[in-house]
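Two complexes are shown next, each including chain A; its partner changes from chain B in the first to chain C in the second.
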Partner chain A sequence: MASVASKLYSDDVSLLVLLLDTNPFFWSTTSIKFSQFLSHVLAFLNAVLGLNQLNQVVVIATGYSSCDYIYDSSLTPNGNFESSGSGMPALFGSLLEKLEDFAAKDEELSKEEEHEDRIASSLLSGSLSMALCYIQRVFRSGHLHPQPRILCLQGSPDGPEQYVAVMNSIFSAQRLMVPIDSCYIGTQNSAFLQQASYITGGVHHTPKQLDGLFQYLTTIFATDLHSRGFVQLPKPVGVDFRASCFCHKKTIDMGYICSVCLSIFCEHHKKCSTCGSVFGQSKLDDVSSVSNKKRKAPDT
Partner chain B sequence: MPQVKIIAKNFMDMVASLTAIKLDKLYNNVFICEAILRSLPPLAKKYVLQLLYTDVPVPATMLEEWVLADGVSKHRAAIDRMIQLRIFMETTDRKKGTSYSLNPTFQKNLQKHIISGGVLPREPMNSNNAIKLPSLQELETYALQQWECFLLQLINSGQGEKLTGISSSMMKIFQRGLLSQRDRDGPRLTESGFQFLLMDTNAQLWYIIREYISNAEERDVDPAELISFLLELSFHVTGEAYNLNTLTEVQRNTLKDLADLGLVKLQQGRKDSWFIPTKLATNLSVSLADSSIRKEGYVMMETNFRMYAYSTSKLQCEILRLFARIEYQLPNLIACAITKESLYNAFDNGITSDQIITFLQQNSHPRCADRVPSIPENVTDQIRLWESDLKRIEMTQAHFYDEFPSKDVFEAACDFAREWRGLLWEDSKRMRLVVKSEVHNKMREFLHTQSK
Partner chain C sequence: MAGGGQVEKRVRYKSSVKDPGTPGFLRLTEAMLLFVPNDPKSDSKLKVQTLNIKSQKYTKEGSNKPPWLNLTNKQGKSHIFEFENYSDMHACRDFITKALAKCEEVPKKSAVSTSTEQLSIAELELRFKVLRENSELQRLHKQFVESKVLTEDEFWATRKKLLGQVSTGKSKQQVGLKSMMVSGIKPSTDGRTNRVTFNLTSEIIFQIFAEKPAVRQAFINYVPSKMTEKDFWTKYFRAEYLYSTKNTAVAAAEAAEDEELAVFLKPDEILARETRQKIRRVDPTLDMEADQGDDYSHLMDHGIQRDGTKDVVESQNDQFRRSLLQDLNRHSAVVLEGRSIDVESEDTRVVAEALTRAKQVSKADGETTKDANQDRLERMSRTAEMEDLQAPQNFPLAPLSIKDPRDYFESQQGNVLNEPRGAGALNRNVHEAYGLLKESILEIRTKGLSYPLIKSEVSFEVFSSLTQTISTAKNIIGKNPRESFLDRLPKSTKDEVLHHWTSIQELLRHFWSSYPITTTYLHTKVGKLKDAMSNTYSQLDAMKQSVQSDLRHQVSLLVRPMQQALDAAFQHYETDLQRRTAKSVGGSSSERPNGGV
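Entry: the complex of A and B
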């Protein structure tokens, strides 16, 4: 990795990819309005950009059924200091405009979709992969690049059907040595985000009071990777390692694992649907003959 | 080991040395607050952000809880820096101990900046205006050319082909410390002058700007005003044109000098004049370590000590000449060799081996830069060896003692000197010893007490 390290700026220059949850199903249930939330986030972004001239911020909106880039600070060099007169920096003018377009498009797409009994989750897997693609592009272009990290601002519950995709993104982030920070503002716990931060070495935090979100964001998530070595940051209290089964996309505590490809199932199958290996004839209820098929809780 | 005399820190050190009143006045400008924030060490930046919306003083003990055990020294450095720059106000209470709060003006301005962004005192020219603006590429070439021209003039002291408009008195100021004036053989580069040439562009720029500011008072210009203008300039957008009419008289005069250095390009319109900041100007507030204007390297070093430099620049040729023998020059290539003689020459001039090696590493051709190490190991080792060859003798100031009255006194004196780590040499047969000068006073006192 020596050649990669030499391509970094020496100090604390960072590239922050922010995944913004814009799921309308979530935001209709919260105590804090989306606009209030956004004002905290924008102030935070401005603060991050202010910390270093070379800092870069990319915002990706995570909607209900789509996701898209809505802001990239590298496209408007120094632009954040020009005011469009109304007291709102030009940066945020374009961001808000794009966000509006995005929300409208997302709504249309979600209408087209057959409305099954899907949990009102956001497309986290999509935005994570977009973030990683962006970072990969930064890695490959030019000889100097800032240190990237991803911050998920997520409120919607996990969508178990995205399990495989999310896990794959997490593992590629781990390989790229990109930490995924997560700030979960919803009411439940997000196993995805806990695992993502745990595996990639990022910080996971669930703010208690949303009206002080800016303070949480600056205190915890504005810390650049260089300073993380010296600062106390919230440590994970416990990580929810539960997996989703591949057959019904349900979150399970205990299940069956294919011994060849490690696919997870909630009930016994004759054949692995992923790799096609044929399992032995032992039956689900027949505990005594669980020999060539492993039965275990995935968190061990 | 010759000391590195030029330390081109970013000029926040200079800002820190301003008087309190002037500093507080500086913080009235949003952009200066922003630039100061950027110049802080990473931990300090974090503290500022964290305390941005805290109105009450925060006890020092609480701040210490934020850092891990490994970071205590960095924590101290960050706090010291912030107190030095008067960003942190220190209050000491007998009960609660020391506590810190942010400078209110600084805090207020930064809050405003983070929420609504700053507004520059001048608007860029409309793009539909008739004047054709130079492209970013052209602007960068212009800036570097101008800068190179300035450097050539600086070292050649007036022999450059194209003269910049910098007055000779100003040039003298810049040359102070870099060139030494000797009566007969004309000006010669001093040690620090050589080191200056090996620094990267941003560091050189800072050095010059610092000289420029420290000289401001002689020109009846308030240094604080100059600093604030320079910092403000760094927030302008590269490649946009700004109207000269928006500037004060002093600023306009300053701008003329800056144009000669390549920081801005002046352009004459039909009615008004405009200035266009170049990358050199907008990088002023970047901390030194992260100069984004780092140029592509051009030097290829081979294991046989031959060096090929893909460059057309006269300046770069001059720089290589400092420590290498130029063998021949093609239109786009300089072929040279590093020899013992050429290096001894460099060492004589006060350049250290480490400086040469870092220069080679920083400027190595992209193809070579990908290799690890980018400079062949045998070359770097040899450069270091040749340098250490010159340093076989170490000089230490010392005092010589003899004619001790008795063996006991002599031995006691030896032990005493050893205790203070000052004993350099002893000859117990003839009762003589040599002691470092630092210990001489203590030694004398000791011997007085012994003789009583």
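Entry: the complex of A and C
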């Protein structure tokens, strides 16, 4: 990573990849309207772009069944900051346009989907992967590149079926030394996001008042990586380290682990479904003791 | 004449050799020696405590002298007794010897008892040392021992380990050898005459013996039968001197004349044998002959500067030359070997013999390998690897078979048994939900960002709540050892808290170890401890009151476990007291278990 470090700007030029949760099932249940949410977010993005002329913002929409890039500030010509009279910077016009297209496409896809009994989670794993791909491309091009970070603006509950994919993305981000900040605006708490921020050294926060979202965003998540060395940011008291089992995708805090490939199961199997290793007959089966189960408890 | 406990002989007592002597009886008991002259008027009556006898000498049988026994007392005065015959004298001598041996035992015993005292003095010193090094312990000691809550012994009883550690640290370290080379010993010249003086110490002698086995062997052979030690060393240094002059011709000439001197000048045969032995043990795959070509000290302008002259090897008279490298190698080998014998003797011969013995032992060790050549061959075949002759190394291997990577990387969505959160309702609402979403997007596209984006009161609330979460998260004690609450206390308070904690631990340790109370001693001890503890308890309260109000909560959190621990001790004390008083009231008879108080 030394080569990456040498390619960074000396100071605090940021590349912010924002993962925007556009899950309709979440937004139909919240107290705050999506339009309100959007205006907070757009104002925040504008602020980030204003912080440094070289700052770059990429927005990826995280839908119910798909995700896509909807905005990239590097593609928009500079000097197009004039207000179009509606109290909104013109450059976000294209964003909203794309977002609308995206929502339509997402709806189409969700209709095609066969598994309709899925949890109403967003495709976080997909958008995380896209963000990392984008960042990887930035790393490999040009002499200088901004310091990338990912911000997840998530409201939908975790999809346990995405556990492995999300964890893999998190570990990739850790390897790339890209922090994943997360702002969870949903009602439950998100173990994925907590773990993502914990592992990658990002900030995780759950705002209490959604009408003050803009304030939270600018106060906490606008801080560039350089300044984080000097700023006291809120730290979570604990991290939910629970995992999903591979067999039923349940979120569990205790389970069985394949000693060969580390797959996680909620119950004892004769054979690992992932790597095919045959497990020895557990003596503890009869005793039904849980002493050999590995505990993955929420660290609170 | 002789009783069990005493011996009586007819002797003549002489105060000096020339004294004709006073006839009388010598009575010996274990404790003393009494001479009673025959003539009661004579004033040469003598009484000597056996203890005071320092040594005894006697004339040998068969010599021309009469049987005399000469006893010297500790003041240096001698008493000579002339016996009538040798058997009398020997009887007395044996008796005195036995008595003396007994006398020596007694002082030894007393020496033992004093040594325990001395040992405890040493231990006292040790304790002081421990206290000096550990200021916390010193404070505790001051607080409890000097205020008589604990006795000195009680205090240290729980810290035996500490003392032990310190005392084991004092164990004697084996002294190595100096790295100075023997050949570096330079003679001192007086400048006027041509005389040179070598100063020999036992350490130098040891080193010479260790480095030059031939000299050692020569010493054993020649001294003292052929020459005195002084002559030996003179000769040795004569040889060394010849070396240092580098005049090999003179050396050769002198060696031809003097066979003893030649021993020193010739190459050390024993050493050469040892070296050959060592070479035989070198890894057989190492080509030592190839290394010989690396020596280019014979080339012009190569060589090592020593004593101002270059050490250039000449071929003639080679056996009377030693290169600096040989000296250096031999010296370093000896230094690395260290002091192999444990003889601390001034006697040169003893040292030489001990060294020889040590060498022989190690040589015997080396030769136990019955067939060195066979061993060499075996090692050679072991080290020389021939890949095509080796058995294939097939370790049992179970390949990781992930049959379908999608099993791992993708989800098996068909398996989802999770409760589908209102799946039915969801289905119905898909269209509705997307509609709402699109509506929102449209709304913001047309209307623009909401204005005002955020109310100032909301902003303020967000700020204050964030500040609060940040500051409380920082205050959680123990979460982060570096940011512990203790560090935020003023230093005096912090020290006080820590000191209270250590002193409470000390008190509680003694308190709980005193139970069950079986003796009055323990009873009083517990009473004292309890008083001290209640003292500390009130001090804790006072400290809690004295801290600033913003820290008071945190301090009380810190103090609470201390007070809880003390409370538990108090409670135990009370219940135990009640139980005991009830018992002593109820059971008026003498039936108390353990002879309780």
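The rule we apply is simple: the second predicted complex is superposed on the first by the 271 of 300 C-alpha atoms of A that agree within 3 Å, B and C clash if a C-alpha of one lies under 4 Å from a C-alpha of the other, contacts with A are read in each partner's own complex, and residues count from 1 in each chain.
In this text, a contact is a pair of C-beta atoms (placed from the backbone, for glycine too) under 8 Å apart; a residue touches a chain by one contact, two chains touch by 3 or more.
Keep in mind the model is a prediction, meaning the values are calculated, not measured.
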Key: Combined model on chain A where chain B meets chain C, clash or fit   = fit
Inquiry  = A:279 in the overlay: touching chain B, chain C, both, or neither? Say first, second, both or neither.
reply    = neither
Message = Applying the document's definition of touch, where does A:219 land relative to chain B and chain C: first, second, both, or neither?
response = both
Task = Mind computing the angle chain B to chain A to chain C from the CA centres, in steps of 10 degrees?
result = 80
Ask   = Should A:54 be classified as contacting the first partner (chain B), the second (chain C), both, or neither?
value = first
Task = Could you say whether A:43 touches chain B, chain C, both of them, or neither, answering first, second, both or neither?
result = both
Ask   = Taking the superposition as given, does A:139 touch the first partner, chain B, the second, chain C, both, or neither?
value = neither
Key: Partner chain in contact with A:232 - chain B first, chain C second, else both or neither   = both
Task = Identify which of chain B and chain C touches the larger number of residues of chain A.
result = C
Message = Contacts for A:209 in the overlay, against chain B (first) and chain C (second): which applies, first, second, both or neither?
response = second
Query = Between chain B (first) and chain C (second), which, if any, makes contact with A:241: first, second, both or neither?
reply = neither
Task = For A:69, decide between first (touching chain B), second (touching chain C), both and neither.
result = neither
Chain B versus chain C - smallest C-alpha distance in the overlay, whole Å = 6
Inquiry  = So chain A touches chain B in one structure and chain C in the other; where do those two contact lists coincide?
reply    = 43, 87-88, 214-215, 219, 232
Message = For a test of understanding, state which residues of chain B touch chain A in their complex under the given definition.
response = 31, 34, 37-38, 42-43, 45-46, 49-50, 52-53, 65-68, 70-71, 74-75, 110, 113-120, 235-238, 282-283, 285-287, 289-290, 292, 294, 366, 369-370, 372
Remark   = Touching chain A in the complex, chain C uses residues 400-403, 407-418, 420-421, 423, 426-427, 429-434, 436-438, 440-451, 453-455, 458-459, 461-463, 465-466, 469-470, 473-474, 476
Ask   = So in the complex, which bits of chain A are touching chain B?
value = 2-3, 6, 9-13, 43, 46-47, 50-54, 77-83, 87-91, 143-144, 214-215, 218-219, 222-224, 226-227, 229-232
Remark   = Touching chain C in the complex, chain A uses residues 22, 24-25, 27-28, 33-36, 38-40, 42-43, 86-88, 93, 96-97, 99-100, 103-104, 106-107, 110-111, 115-120, 157, 160-165, 168, 207-209, 211-212, 214-216, 219-220, 232-235, 237, 247-250, 260-261, 263, 273-276
